[in-house]
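Take a look at the structures below.
First chain A sits with chain B, and in the next complex the same chain sits with chain C.
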Partner chain A sequence: MGNKNRFSNHNRRKQKKDTNIVLTSINLTCAFLIVFPIIWLLSSSFKPSSELFAYPLSLFPEEFTIDHYIKVIENGFFRYIYNSFFLAVVGTLITVAISSMCGYALAIYRHNVKYTNIIFGVFLLGTLIPGETLTISQFTVISELGLYNNIWGVIFPVVTTTTGIFLYRQFYLTVPTSFVEAARIDGAGEFYIFSKIMLPLSKSVTITLCLFSFMWRWNDYILPLLVLSDQKNYTIQIAIKNFIGANGVDWNSILAGSVISIIPITILFLILQKYITGINISSGDKG
Partner chain B sequence: MRGFLLTLCSVLFLSFITACSSETSVETNGANNSEEADGGILKILLSEEPSSEDALNNSFKKWAEETGNKVDTIVIPYDDQITKFPLMLKNDDVPDLVSTTRLTRLYPEEFLDLTDVVDIGIFDQAALEIIGQDYDSDSNLALPNQYTITSYFYNADAFEEVGIEVPTIDDPWTMDELISNAQKLKDSGDVNYGLAVDFSRGRYDNLMYSNGGSITQETEDSFVVSINSEENVQTLENFVEWNETDLMPKVIWTGGSTDNPADYFKNGDVGIYLSGSWEYSPMYEEITAFDWGVMPSPIGSLQQSAIAGGGGLGIPSSAENPELAKEFLEWFYKEDNYVEFLAQDKGISFINGVTYEPEDEKVIADYEILQAEMKNVTDRFLVDEKSAWRNYLDSEYRDVIKRAVSGELTAKEALDVFANDLSEKSDWEIAN
Partner chain C sequence: MSKNSRNHRVFWLFIAPSGVLFTIFFLIPLFLNLILSFTNYDGWKQMDFIGIENYVRVLQDKEFYSAFFRSIIYTIVNLPFKVAIPLLLAVLLTSPKVRFKTLARTLIYIPVLLSALVMGITINWMFSQEYGLVNFIIQQLGGSPLEWGSNVVLATIVISVASTLMTTGFFMIIYIGSINNLSSDIYEAAEIDGANSVQKFISVTFPLLAPTTFLVTLLSTIDLLKEYALVQGVTQGGPGTGTTYTIQYIFDKGFNQGEYGYATAISAIVMIVFAIIAYVQFKTNQGGEKY
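Coming up: the complex of A and B.
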């Protein structure tokens, strides 16, 4: 009997170990598939143009050069990064402010104002309209407001996002209304309750939305292209596309520019990733 | 600790870019554009970020230095100009000078007639017409700044290795000889592909014209569509076969890659490369691993064929500083300035009787071949240009060729599809 148990335990341990090996292998393979193009991008950005498309392909440059980085930096690339950064940070701050307040109102006042769910339904319906179809009307409004060739003309049209409102609303629905009622009894005003109690509780949603919003603004191409017409105001995505000409593509500059452009996003993700994991944990607890 | 380090890194990085952007801004204002300019500020629209060797951009800089004016360049990617330019017009925010290959054709009413700005008689008339693309009026909306001709580049080392003799202006190859030699090059293993052709109808059409085909034909008072003629179907079938047999890099013409065949050639992977004279200067700067050269276009079943093209400078009628733009044009076409530009550009001269003397013997020999190709611009090409068929359909033509190469359609089906579409859009009948 003892031998049988030992044998059974040994089998279970072996099975678990095998499963771990398989799962770890799958993880490593997936990680490799995700990271490899980035490594290739990084490595290629240090290759001279003659090596870029040379066969047989080689991962590492035979002749290491930073000339392409110097070239894009001399072309004023940091100016474009600065513009993109300003656009992304300011746009994200406004997006978070609007989304959190709107989500709070739609969730907390749902018992007091009977139309809140209908309004939320209208917001959701808006997501069914492809963004591209709104571009012309957005641009017309921007022009009429005198925001053409102005960085604010790129920021304002996209600060409201249904995704953000949805995230906050769904989160605040899980918070017991007794929190709010208790604060009201203690004499707290609505803005105080929102900013000092509810917003800190939704930290994980805020971080997630910040990350997404930053990425949306950072990678946006069409709207900045349409609105901005002064090279000094250009964003990084337009600057990278400018290396594609009618008769050829300056791949070296595109690669160097792309590497520079992913640095801020990478840093942001490294800082914020633990909070994204956190949203699942805290959501689970509240359920 | 880890969080602190990351935060510190990010703060340092952001401080760095902010500082650098400020520095760049100051430099840019000093060298490129400034509100404190002594003279005026000439706002120029370009279609790609100019390199330090860019001849036109260097001309702008020199003009600014000499005259005390400033230049403020704005780059809008070539593909996006059609979207952006109407918006600039709508917002009364057009540049003073536009370097373009098509905006003057697409928006003729928005550009000034430059006939009286400089002496039009100095220009090669063919260049003026081809670049201006305006065959219906006497106005000149774009004056040339780049005149190009399609050309065949060859890998001289691979030719020597296989024992292929380079054709000459007086004794060009036939198309069959070109294909046969391209096959030899491929079979030798010295190159991966015997032939490569840019993913552009402007290069493919040479095969069509040299075999006697054309996209349109002129009638007494209009045009007819002839793109699906027998000779054109045969040309496309041959082209598909060269791709099928890997004589050419099939991935280019199936649209499966954004690779530029110029890079293949520069790496020594291609024996013969059909591109254009605008590639000469970059190749001269970049190819050091092997010898290469330019050879005459081959004779198809009817003739040799080369396609001329290029870019021009136009002044929008609603520009803020049209006089400054005119001032630049007058300066640019003065002989000394033009010759200096041409020497950097290494392009075809578009001013009669003015050329430059290359110092390098190789460049002299190649330049002679490039210049000689001008006589191979066919009447069929000029008729197609005159028809302005691209005002009805443009990239759709290359798309149907792509579909034929990828095997989605047969050559005949592909050209029939395009002929019907073009006929429907243009109201031109299909030729029998």
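Coming up: the complex of A and C.
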């Protein structure tokens, strides 16, 4: 936790003295209830069909099976996992690169270039109008550019995130411009100053944005469903969606597929969580 | 070359990658949406200028009004839960009397990581009509199983549970950040005056958190009004059109029925509604600078 202010010190000082068992129990019960649907999903995915569709239900599988996972993987799930990783990793790299440059320029050149605020305002339009309302005309543009059924057709449209530009801009506004002036006097080039001096300073923003961007791209669903028509280009989300058929849901496969889709993002979160749950990022929850 | 013109050139080079992509995939579609809304474009060949016919049609479209009002009712009913649950959890998780806070915070955040589709499926599985856990518990308690899939109200409840679960962790973290930034002096003063925990929450914490509550309320409003992906994992808009909300109506008209021109006119109208809401948010928070 990064909140080293008086209030939390005050909390910590008192914590030892009086722990309230009732409140602690309420706390743990709430947390358990909130995460329970995922535990139930996980447990169900290891149950054979005979246990999935029969009463009584039990929390843990009586007969443990990984058949559903084998079936899902045999149906080409590795291909979809690869596609999702490609989308998430490449998308995130591009997002971090272009957002940091843009946010940096909007903050550092604010005294040299008069219209920085106007340009920032144009980017803020991206938060005023939700992407969902633009999808139809966006799709038309993607088709016209020949990116239909192409993985780049679901990467390029979404990599410019106002949230990313915003986070970097806010960070670099706190860096004194004299810092940059000093480097210029030493003869450093503008791009050198950015990439070798300023970018490493914003490590916390970069990590936060990486996690969020990876999560957004990994979970992207509406645009890929429209743009990627060929099965070999499917991402994991589309593959999961396809288990919902006109005649009902293939529960055996969808449970296993859903669990597989949760694993990478959960691991990444557990590694980086102190950056997410420790600092206050509230500038937006959208891609 | 003068120093200032060199600065301008470097500035534009830094902005260019974001600027170009933003122009191609946001500004042009925005402009295109406006143009298409005055045509009868069918996504294929036909594209004639038909004036404001689409807009006249939207304003007389009973199905659009039902979808839009369903969205509004869904939003109003769910807002209290979306805002109150994270607030109460955050108060609990900043209390000096509670232990295992890090564990609880991690567990509560995990549902935020799921895609809307997978969250919808997860909740749908628990609430499935036959062999679902919730109906099983109801039967164990002596009740009769509920028709979660075929009753509009029950189906809406299932979507609502999934929706609240998806955002609780995120908003809780925002609240925790704000609570930790409150000064302890005012609490000490309240304690000296003999205020108990509930009184402290009602007369100190809650009023001081008003700006955060406002932010969370607006973010939730926008989330709820544009709910789409989650519904696809739970009901796909059914039973009938019982859970078809505004965005799905646009998609159905455009992609499923090929009425692109008409769908873009609906989009344009819905966009204005969203823009007004977001503008209020932007003005009130000075572009989020307070957070």
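We take it that the second predicted complex is superposed on the first by the 236 of 287 C-alpha atoms of A that agree within 3 Å, B and C clash if a C-alpha of one lies under 4 Å from a C-alpha of the other, contacts with A are read in each partner's own complex, and residues count from 1 in each chain.
Assume contacts are C-beta pairs under 8 Å (C-beta built on N, C-alpha and C of every residue); 3 or more make two chains touch, one makes a residue touch a chain.
Remember, predicted model here, so these are calculated numbers, not experimental data.
Colleague: Between chain B (first) and chain C (second), which does A:Ser44 come into contact with in this model arrangement: first, second, both, or neither?
Modeller: Only chain C is touched by A:Ser44; chain B is not.
Colleague: In the overlay, work out which of chain B or chain C sits against more residues of chain A.
Modeller: Touched residues of chain A are more numerous for C.
Colleague: With the two structures laid over each other on chain A, which partner does A:Ile151 touch: chain B (first), chain C (second), both, or neither?
Modeller: neither
Colleague: Examine A:Ile244 and indicate which partner it touches, taking first as chain B and second as chain C; both and neither are also allowed.
Modeller: In the superposed model, A:Ile244 contacts both chain B and chain C.
Colleague: Between chain B (first) and chain C (second), which does A:Leu226 come into contact with in this model arrangement: first, second, both, or neither?
Modeller: A:Leu226 sits against chain B and chain C alike.
Colleague: Quick one: is A:Phe85 in contact with chain B, with chain C, with both, or with neither? Answer first, second, both or neither.
Modeller: After superposition on chain A, A:Phe85 lies in contact with chain B alone.
Colleague: Could you tell me if A:Leu209 is touching chain B, chain C, both of them or neither one (first, second, both, neither)?
Modeller: neither
Colleague: Is A:Tyr55 in contact with chain B, with chain C, with both, or with neither (first, second, both, neither)?
Modeller: Both partners.
Colleague: Residues on chain A in contact with chain B in one complex and with chain C in the other?
Modeller: 52-55, 139, 226, 241, 244, 249, 251, 270
Colleague: Tell me, which parts of chain A touch chain B in their complex?
Modeller: 49-50, 52-55, 71, 73, 75-79, 81-82, 85, 139, 143, 148-149, 225-226, 229-232, 238-239, 241-251, 253, 263-264, 267-268, 270-271
Colleague: Where on chain A does chain C make contact in their complex?
Modeller: 3, 5-8, 10-12, 14-15, 18-20, 23-24, 26-28, 30-32, 34-35, 37-38, 40-41, 44, 52-57, 97-99, 101-102, 104-106, 109, 112-113, 116, 119, 122-130, 132-142, 145, 156-160, 165-166, 170, 190-191, 194, 215, 218-222, 226, 237, 240-241, 244, 249, 251, 254-255, 258, 261-262, 265-266, 269-270, 273, 276-277, 279-285
Colleague: Flag every residue of chain C that touches chain A in the complex, lowest number first.
Modeller: Touch list, chain C to chain A: 4, 7-8, 10-11, 14-15, 17-19, 21-22, 24-30, 32-33, 36, 43, 89, 92-101, 103-111, 113-118, 121-126, 128, 130-131, 133, 136, 139, 165, 167-170, 173-174, 176-184, 187, 212, 215, 219, 222-223, 226, 228-229, 232-233, 236, 247, 250-251, 254-255, 260, 263-264, 267, 270-271, 274-275, 278-279, 282, 287-289, 291.
Colleague: Please name which positions on chain B make contact with chain A in the complex.
Modeller: Contacts found on chain B: 3, 6-7, 9-10, 13-14, 17-18, 20-21, 23-25, 27-28, 33, 47-49, 51-52, 72-80, 83-84, 87-88, 90-91, 93, 101, 192, 258-260, 262-264, 266-267, 269, 276, 278-279, 282, 286-289.
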